[in-house]
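These are the structures in question, set out in turn.
One chain, subunit A, appears in both complexes that follow, with subunit B as partner in the first and subunit C in the second.
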Partner chain A sequence: MLKFMIPLVVLIKYSKEWKIVQVGMFFVSFILSLHCYHNFYLFSVGFNLGMDYISYIMIMLSFWVVSLILISSQKVKKLDNFNSMFIMVNIMLLVFLVLTFSSMDYLMFYISFEASLIPTLILILGWGYQPERIQAGIYMLFYTLAFSLPLLVSLLVYYSVSGSLIINLSSSLSGMGYVSKLWYISTVLAFMVKLPMFMFHLWLPKAHVEAPIAGSMILAGVLLKLGGYGLIRVLIMFQENNKEFCWLWVSVSIMGGVYISLVCMRQVDMKSLIAYSSVVHMSLVLCGIVIFSWWGLAGCMILMVGHGLCSSGLFCLANMVYERTGSRSLMVNKGLLTFMPSMGLWWFLLSVSNMASPPSLNLMGEIMLILTMLSWSKLTIFGISLLSFFSASYTLYMYSLSQHGVFYNSLYSCCSGKVNEYLSLFLHWLPLNIMILNSTLVMI
Partner chain B sequence: MIRTLGSFSVVQRAWAGVWRASRCLATGCSSAWPRSCDVLVVGGGAVGSSSAYHLKHRAGRDLSVVVLEQDSTYEKASTVLSLGNIRQQFSVAENTLLSLYGASFLRRAPELLAVEGQDPVDLRFFPRGYLFLATPEGLKQMEENYKQQTSLGAEVAWLWPDQLRKVYPWFTFKDNVVAGVLGTNNEGWFDPWSLLLGMRRKAESLGALYLPAKLTGLQYRQEEPRQTTAVPTRSLTTAQVRLKSGEEREISFSTLVVAAGGWSGEVGRLAGLGTGEGVLATPIPVEPRKRFIYCAHAPDGPWEGCPVFNDYTGMYFRPDTTRPQYFFCGRSPLEEEEPDPTDLSVDYSFFDTHLWPQMVERCPEFGNLKVKSAWAGYYDYNTLDQNLILGFHPVYTNMCIATGLSGHGIQQSPAVGRAVMECVVDGRSHSINLDRFSFDRILTRQPLKEKMVM
Partner chain C sequence: MAALTRLGALSLRLNQRLLQPSVVRAAGISTSKKNKDTVTVTDVITDHGKSKTESSEAASKNWISWGFDHYSQVEDNSTMHMTFFVAVTLCLVTTGFVWSYLPDFRMRDWAQREAFLELRRREALGLPAIDPDLVPLDKIELPDDEELGSREIII
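Our next item is the complex of A and B:
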């Protein structure tokens, strides 16, 4: 693992020159992608860090998304808005994320999980646009912290019970009545908030909308997956208890997903729409994890990767429009096909991936998850059908309202797309639509 | 050494930012500075507040609107210093339509501008009508205007001299008055302060943010033209404003609405209009021109049923319905006699030389009139043709100009606000087609003058 951590730390030294850091990030991603040994066993073990099949996918995703962040945030460099500190914060965030995903110890995982909040908060408060970002940062911080303190307690209790916090040495706890149920809830809630599940999702639209493009991309791309990844690791301990409770999580997620898709149709702020659609996707992911089926786990991994790339790409697009018109409101950004026809291609490709159309990773993930949920209970078909339908409808709503229609008069012309914007969107889309051809790379 | 010093100032700035953020959190986010907004309206007078109200009414929370008003007491604003007269007797058809909407807005104002938990708006609208008189030379023009006004829906009545004498026995009409047009409905006067405060209060309750700041700078971004023959355009991106405390701040916006009244020319100069080349050499041709209003007590004057009386010489008077036997009178001076607009001091001699003789000629009972007080206000005077300029600038494609109303602003402010809203949201004003009022006529020097201007 150190062979990836050390270059990262070294890149901090070069935070003054953007080009070196951008190239360096892509280079490390490349080296990481060559390191693709995942075949069910641990590899790259050392210093209590190691990768196995799930961690590798997530670390790859983190590196990729952060590289794309550095391309998309050209404006920070252009306006000279504390740009070296910006790079430092991003790299620090990536260090914590890699530590989280590669930690072989529950406590190390917890510490880096919490530590990744701090650079995110700094990104939102430091480079965000509106005064509401203060409230958004507070929401994100306190939602996550309040629910994860019980997680710390439960991990320490687990240590005292079983003597070790190494993830791979953990085993299922036998059911012990009320206490174990409480233990289970307090452990799992932290990740429900991070995912987020429907009732605990309030921080997400706020944080995604008020964050700058870098914050939105990392939040949608990787930080939400921390919840999924954590659940996968933690549920090893609570297999029996989970089977008693999974009906609760599945019902809340699916119905919540339906409600949130309806809420999505009402949004006028583009970023807010994409943020709510993240909740919908993650609700499917949650269902896949708690229903302990092989396809569920595979589907959730694929959907996490697909959603990470797709939402991050859509946030990029929304940011490009915002940089040109100065407003994120769909009332003002209409008829964009007239001005940026080439960008319309990327809007289309990423929007159809968002609504899980072939040949995107989202499609594969959703199909596997739908099959999982149906195998668990046929009643979920009602929720799933509504969720899929409205997911397509709000994506079409966003695409059609922004691209089609009479153009907005005061935007006479604008740059149709710079090369670095096309590069960033292409690199979002390529893995999303090509990896389905070799989906064992992202499956378990 | 320099590096550590630099990092220390970074730490200091970061701490100042955190401190300010914590203060904001303590007092609530609403007092925090809006670093960006969707629509920035420069000027919180009648047109600016009406634009903010209509934008918020249409879009609600979907558009963020910030209004810059440098003086919340409105000490020098044209809106509150005006008499609040409203008429539909214009020769340009669009003006009549704008005032008709204004009159219907005034009638519906108590319900439209109602804010929960606060007193309803009382506009004190007196629809007494406007009386315009015509000389033999102007008779044909008056007839054309009358036909157009009635076809557009204005309720005006044509009066021959014998009818005039019957309705207004106390006016003396000599032979050089051959006709008069009187508005029978929707013309008269109202309280401009109430309208302004009503619209502002409603806009603020719907979410518009009024900032007590003065615009000091504008920045733009050059856009590349789509074809080689197209005009290179610019997009305004950020505004620098100065608060009362002297602090300078910035706001970035998507659309700018210039509704600064008489100071719109200055706002245009901040963007470079008037100092550039080509299209940018033409400034916004609006400047403040001082006009006097005299308040006189005439114990024998014709107070009952008196309309807003407009003489063909340009002199006008109307009764002050708050105090019996008091009249407001005024007159537009000739170009050579324009008073100095640097301050709002009143020249009483203007009344004695230009107003009193005409008033006595029209109505001998004004003989023992005494001027009790007077004030001065600014017209946002459009030097080209004294009519509205509405629409987006051809080069600064997100600057919407809504000014130049030159004396008939307050009556058209609701309609102009609605037109601004339609320009911003729909791209053009479609309820009333105001394409003739676009900025292009300023560039091509084609004035759209009123054939009878007061």
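Our next item is the complex of A and C:
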């Protein structure tokens, strides 16, 4: 594992040279991608860090998204807006994320999980645009912190009960009455907030809207998946208690997903719409995880990767429009096909991937998750059908409203797409649509 | 890596003529009659020698950035080349190649082969495909009713 951490730390030294870090980050992703051949359960083990199938996929995703962040954040570089600090914060975030995903110890996982919030907060407060970002940062920080302190307590209690916090040595806890229920709730709530589940989702639209493009991409791309990944790791300990409670999470997620997709249809702010759509996708992921069947876990991994790429790409697109028109509102940014017809291709490709059309990874993930939920209970079909339908409809709403029609009259100039923007979108879209051909690479 | 970068940037800076041709043919195409009766076609070959640094500035006056660097054309160009190489050639093409030709990834083919071999063996011996006593009954310990208490049984 050190062979990926050391280059990252070395890259901090080069934080003044954007070019070197940009190229270096892609290079480390390449080296990481060559480590895919593993027939053993756990590999690259060392210093209490190791990778198994899920970790590998998530670390690969983190590296890829951060590389794409460096390409898409050219405005920071152009305006010389604390360049080296920006790069350093991004690399620190990546270090914490890699530590989180590769930690073999629950406490190390928890510490890195919390630590990854700080660079995100610095990104939002430092490079965001609006004064509301202070409130957004507070929401994000305190929602996550408040619900994850019980997680710390439960991990320490687990340590005192079973003597070890190594994830691979964790065993299922036998029931002890209501204490185990409380234990279970306090453990999983942290991840429910991170995912986010419907009732605890308020921080997400705020954080996404106020964050700069780097913050949005890393949030949508990787940080939400921290919740999913954490849940998979933690539910090993609580399998019996999980079976008692999964009806609650599935119901809240599905109904919440339906409500949120209806809320999406009413959004005027593009980033807000994409943020709410993230909540919808993650609600499906949550259902898949708590049902804890094989297809559920595989589907949730695939959907996490697919959503990470797709949402991140959509945020890139929304940011490109914001950089040109100065507004995220759908009422101002309409008729964009007139100004940037080539960008319309990418809007289309990423939008249809968002609504789980073939051949995207989202499709495969959603199919697997829908089958999982139906095999768990046939009643979920009502929620799932509404969720899928409205998911397609709000994506279509966003695409059509932003692209079609007559352009906004007050827009006097609009730079056509730059090559780095097209590259960033292409690098989002290609893995999303090609990986379905060999999806065992992203399955659990 | 840094050395490679600097070398690339240096070579591009020195060899700026890589970015523009050294000999430009400026051929006028207007064939309308001017003051005289005869038609003259001016065909001038201008040579951008090393001394003509002003014209190289003129050539990059209407430079459109690739998006990687907005202030220096050389930087922009070299960053573009490097990023595309690492991102597309290495990460997409090479990785895609490696991933698509991975031999027996996660031992799926091996597992299927073993399954078929086992099935053939069982059919030859007349056994069922899966033993109904896969887990011997005497090894299964179910909890008593008192241990279960009021807990729900979920299957």
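The rule is simple: the second predicted complex is superposed on the first by the 439 of 444 C-alpha atoms of A that agree within 3 Å, B and C clash if a C-alpha of one lies under 4 Å from a C-alpha of the other, contacts with A are read in each partner's own complex, and residues count from 1 in each chain.
Please note the rule applied: a residue touches a chain if its C-beta (ideal position, glycine included) is under 8 Å from a C-beta of that chain, and two chains touch if they have at least 3 such contacts.
Computed from a predicted model, the values in this text were never measured in an experiment.
Participant: Touch test for A:L125: subunit B only (first), subunit C only (second), both, or neither?
Facilitator: After superposition on chain A, A:L125 lies in contact with subunit B alone.
Participant: With both complexes superposed on chain A, which partner does A:G163 reach: first (subunit B), second (subunit C), both or neither?
Facilitator: Once the two structures are laid over each other on A, A:G163 reaches no partner at all.
Participant: Going by the contact rule set out at the top, does A:I138 touch subunit B (first), subunit C (second), both, or neither?
Facilitator: first
Participant: Under the stated touch criterion, which partner chain does A:G326 make contact with: subunit B (first), subunit C (second), both, or neither?
Facilitator: The answer is first: A:G326 touches subunit B but not subunit C.
Participant: Would you check which partner chain A:Y14 touches, where first means subunit B only, second means subunit C only, and both and neither mean what they say?
Facilitator: Touch status of A:Y14: second partner only.
Participant: Going by the contact definition given at the top, which residues of subunit A touch subunit B in one complex and subunit C in the other?
Facilitator: Of subunit A, no residue contacts subunit B in one complex and subunit C in the other.
Participant: What part of subunit A is in contact with subunit B in the complex they form?
Facilitator: For subunit A paired with subunit B, touching residues are 82, 85, 125-126, 129-132, 134-135, 138, 268-269, 324-327, 329-332, 406-415.
Participant: For subunit A, which residues count as touching subunit C in their complex?
Facilitator: On the subunit A side, the touching residues are 14, 17, 19-20, 22-24, 26-27, 29-30, 33-34, 36-37, 39, 53, 67, 71, 74, 77-78, 175, 243-244, 418-421, 423, 427, 430, 434, 437-438, 440-441.
Participant: How about subunit C: which of its residues touch subunit A in the complex?
Facilitator: 1-2, 5, 65-70, 75, 78-80, 82-84, 86-88, 90-92, 94-96, 98-100, 102, 105-108, 151-152, 154
Participant: Name, in rising order, each residue of subunit B that touches subunit A in their complex.
Facilitator: Within the complex, subunit B contacts subunit A at residues 10, 17, 21, 24-25, 29, 32-36, 38, 59, 61-64, 223-226, 230, 233, 235, 237, 252-255, 392, 397-398, 400, 423-428.
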